[in-house]
Amino acid sequence: MFLVFSAVEIVGAILTVTSKKLVRAAFWLLITLITISGIYILLRAEFVALIQILVYAGAVPVLLLFGIMLTRKKMLEESETSEAK
Amino acid sequence: MAEFWVNMGPQHPMTHGLWNLRIKVDGETIVDAEPIIGYLHRGVEKISEVREFQKVIVLTDRLCYVSSITWSHAYCLAVEELMGIEIPERGKYLRVISLEIQRIASHLMWLAAFGADIGLLTMLLYALRERELFLDLIEIMAGLRLNSNYTRVGGVRNDVPADFEKSCQRVIAHFLKKLDEYEDMMENSKTFLMRTQGIGKLSKEDAINWGVTGPNLRGSGADVDLRRTIPYEVYDQIDWEPAIEKDCDCYARSIVRMREMRESCKIVLDALKKMPPGPYRMKPPRRAEGEAFRATEDSRGEALFYVAADGDDRPYRVKIRSPIFCTLAAVPQMMRGHKVADVVSIMGSIDICVGEIDK
Amino acid sequence: MIPPQYELILSALLFCIGLYGILTRRNAIIVLMSVEIILNAAILNLVAFASYANDPSGQVFALLAIAIAAGEAAIGLAIFLNVYVTHGTIELDKIKILRW
Amino acid sequence: MSGSLLTPNLVGLCRSLTEILLGIVKAIFDALSLPGLGSWFMSPGVVVFFTYLIATLVMVMWAALVNLLSVMWVERKLYSRIQDRRGIMLGVPWPWSKKYKRGMTNLGWGFLQNIADGVKLLQKENITPASADKLLFHAAPAIIVSSTIMVFAVFPFSENFYYTKVALGVLFVLAALSLGPFAIILAGYSSNNKYTLIGGLRAAAMMLSYEIPLILCVVAVVLLSGTLDPFQMVAVQERPLLGTIVPSWNVFSPPQMLGFVIFFIALVAELERIPFDIPEADAELVEGWTTEYGGMRFGFLFGFKWLRAFAGAGLLVILYLGGWNGPVFATFSVLGYPIPILPQEFWFLLKTYLVVMVIIWISWSIPRVRADQVLKIGWNRLIPLALLTILGAAVFKTMGWF
């Protein structure tokens, strides 16, 4: 169980830091954080695990995505040019 | 955040018809707006030139499908002035009654659409329920419900049945009770006030300069109602007063329409009381020559018909001035600086009808 | 129960991945994500030792660290939004305001 | 108070069911003269596996089919009544009915309409936009569906009707519900459509700001009850207050009255019901973040919104309305021994559906609030009031008034 979680986690973390698309990186970050909370449950730290999901998985990636949406210009510009024709 | 254009339309729940509003948004704030029309152009003005005077009424009925009698009435007035005829007194009263019933039905349609726009779908169902009653009245008068084809050059098509006054009174008594309920749901609701007050400001000067007319102009505080300033038919013999609000925002425009519905009820009842017996229609001449202007107060503003004829039995040229076409030009100015959600409030409050815009 | 070395190895791997992300990526938000991963590696150590030592104070520190990490993410994003407004980019290479 | 419908708990019931079923299987294999295989089926590991499999199935079916369909039905019927019309009324063909020739009856009062809609959605094509981010586009509905189903793993319908007992159950429910906004913003982004993008951004902003008062209110409740376990939380609310008339539900204790109102408002916002349904405002953003989804994927998103509403209402009932406790007069005693009239499940479902109906009633009678106004209400009104609630709860706790 621990090995499965840690394998998913490491793959998720690697994909987070290497993926080209920012939103996909956020998605993989979510996977990583949720699997870490699984490891906390294996370590009998249920409260930390749930707080991890609540705060880390619930709020932090949403904040990050919010930042991505607000600072990403590319998609919007592309769609504007495609529309102007 | 980058600015980008969003197409609202031609297929969008906000549009109430086939047109396109492009808005340029910066996040949620509207930077610019640009109405694009022409999807529903049918060439009414051109088709009118090959039809006889009476037959054009069918087309003018379809200019605005929620307010058909007011449009054919405006056309008939213009043609009657062109021919130089004066219609019988009872015909005038019948016209006023039908116009006001149509006005209430049209305003109820606005109420329904406005409610649906700002997220109150229950209002849509309620207003359409009451609109059915007025369409029933129109059906009693004209035999048809939507494109009623009631007004004719020289009067109206037929007289009303004997018990029409009683059914009108019953419907209006029922409706006035319901109208109080609607005011509770709309005007007295805090959420509604949050959505409409201070949104879509259009000052009196701007409204006049852009050519905005009708309830939208009266919502900006200008005392312009063609029923009173250039009285046609028998509006000068009936006692009523126009609804004017000074707030210039969506809330004022909606209040104006709600009060106009009450006034229209008063007009209908008063006209039914004062209606004299006698003929309701006269035979107009087939041919005419010259040109005539006639402006009337449509449910949405000033509907103007210019009809020119060269002695033939059909018009040489018909020109239509539709009120919402002019109002639409003022829309970008009303929208700038507001949020995306205010688009629907503003567009709902000016009561758009694409049929008459594109003609 | 899994031996504590496993936790340590996992934590070290996560730390290395996060460090790699910080060092190689230029986009500020990815860097922020890498920082989150590093913080998670640290918290994992805290929780693991708390669990093996049967001492819940480690978990309390973990909770504290989680709260701090969430605050850090929010503040970092606020800074990057301001940087975006003033510089028009969040590529870290191009932000040279601190080294003229 | 009244007892539960299930005398052992759900898992125990499923265990006896499994043992019966596996006994039949074993008998079949014994008859086929394969005793080794038969006894493998009776080994404890297999029995536990099948027990939990059946329990999971029962719970998911109960939550996702029965309650989802009935919440949908209640909503559609109720808002039709509010709008002065009849609503759904298609029934099953009923062979000995007079209306059978016309192919429909009103048997079931339209309950089967939802199933018919589901079948229709199943038959439709799942369209994926060409420019969509395929992975995320497909992952978002899965996250929403699974996180909503996860809630029911710790959801107590009564003392015995539950799947597992977790000491941190309330926290688990909140954690599972908090995964929703992320999926919504993923869906909004990956559809590559401006309406979905704006809808996703609005959803993220709104849910971030409304989750805080929601959780702060829960903190106040936890302070007073001293536990995170929903079972104990309900047990705390069991003892009657003011003689035996008013039950000591959390709503009736002064600091929690305010908390109840805040929690309710925040819940309505979390569930995207109409006064706060800005992420999918159909007049402005067509359908918001669900615009590009079609077929059964849209069906899932659409239906699980209602299931979230049910779960949220259930959480409200557990936290504030005394869970499965019925009113005191619901039991009468014979020779000093209380006889339950109605089971606990009945009271829980009654309260939950009443809360759902109030949410529906509100959402169909007031207009939608604008996006910035929603955020202003959240940050300027609800969060200070929620902090006040916590302060009140702390004062009550330290003074020992509760």
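Labels for the chains are A, B, C and D, by order of writing; each one numbers its residues from 1.
FYI, contacts are C-beta pairs under 8 Å (C-beta built on N, C-alpha and C of every residue); 3 or more make two chains touch, one makes a residue touch a chain.
These figures come from a predicted structure and were not determined experimentally.
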item: Remaining connected clusters, assuming subunit B were absent and nothing shifted; value: one piece
item: A-D or A-C, whichever has more C-beta pairs in contact; value: A-C
item: Remotest chain, subunit A as reference, centres from CA atoms; value: B
item: Intercentroid distance (Cα basis), subunit C paired with subunit B, Å; value: 62
item: Between subunit D and subunit A, distance of the C-alpha-averaged centres to the nearest whole Å; value: 26
item: Euclidean distance of C-alpha centroids - subunit A vs subunit B, Å; value: 54
item: For subunit A paired with subunit C, centre-to-centre distance based on mean C-alpha positions, whole Å; value: 13
item: Multi-chain contact sites of subunit B, meaning residues that touch two or more partners; value: 4
item: Multi-partner residues of subunit A (at least 2 other chains); value: 47, 51, 59, 63, 66, 69-70, 79
item: Complex interface listing, subunit A residues touching subunit D; value: 21, 23-24, 27, 30, 46-47, 50-51, 53-54, 57-59, 61-63, 65-66, 69, 75, 79
item: Residue ranges of subunit C touching subunit A (in the complex, touch as defined); value: 2, 6-7, 10, 13-14, 17-18, 20-21, 24-25, 27, 29-30, 32-34, 36-37, 40, 43-44, 47-48, 50-51, 59, 62-63, 66-67, 69-70, 73-74, 77, 80-81, 84, 90
item: Interfacial residue positions of subunit D with respect to subunit B in the complex; value: 79, 82-85, 194-195, 198, 202, 274-275, 277-278, 281-286, 364-373
item: Subunit A-touching residues of subunit D, taken from the complex the two chains share; value: 133, 135-136, 139, 166-168, 171-172, 174-176, 178-179, 181-182, 185-186, 189-190, 192, 194, 197, 200-201, 204-205, 207-208, 211, 215
item: Sites on subunit A touched by subunit C in the complex; value: 2, 6, 9-10, 13-14, 16-18, 22, 25-26, 29, 32-33, 36, 39-40, 42-45, 47-48, 51-52, 55-56, 59-60, 63-64, 66-68, 70-71
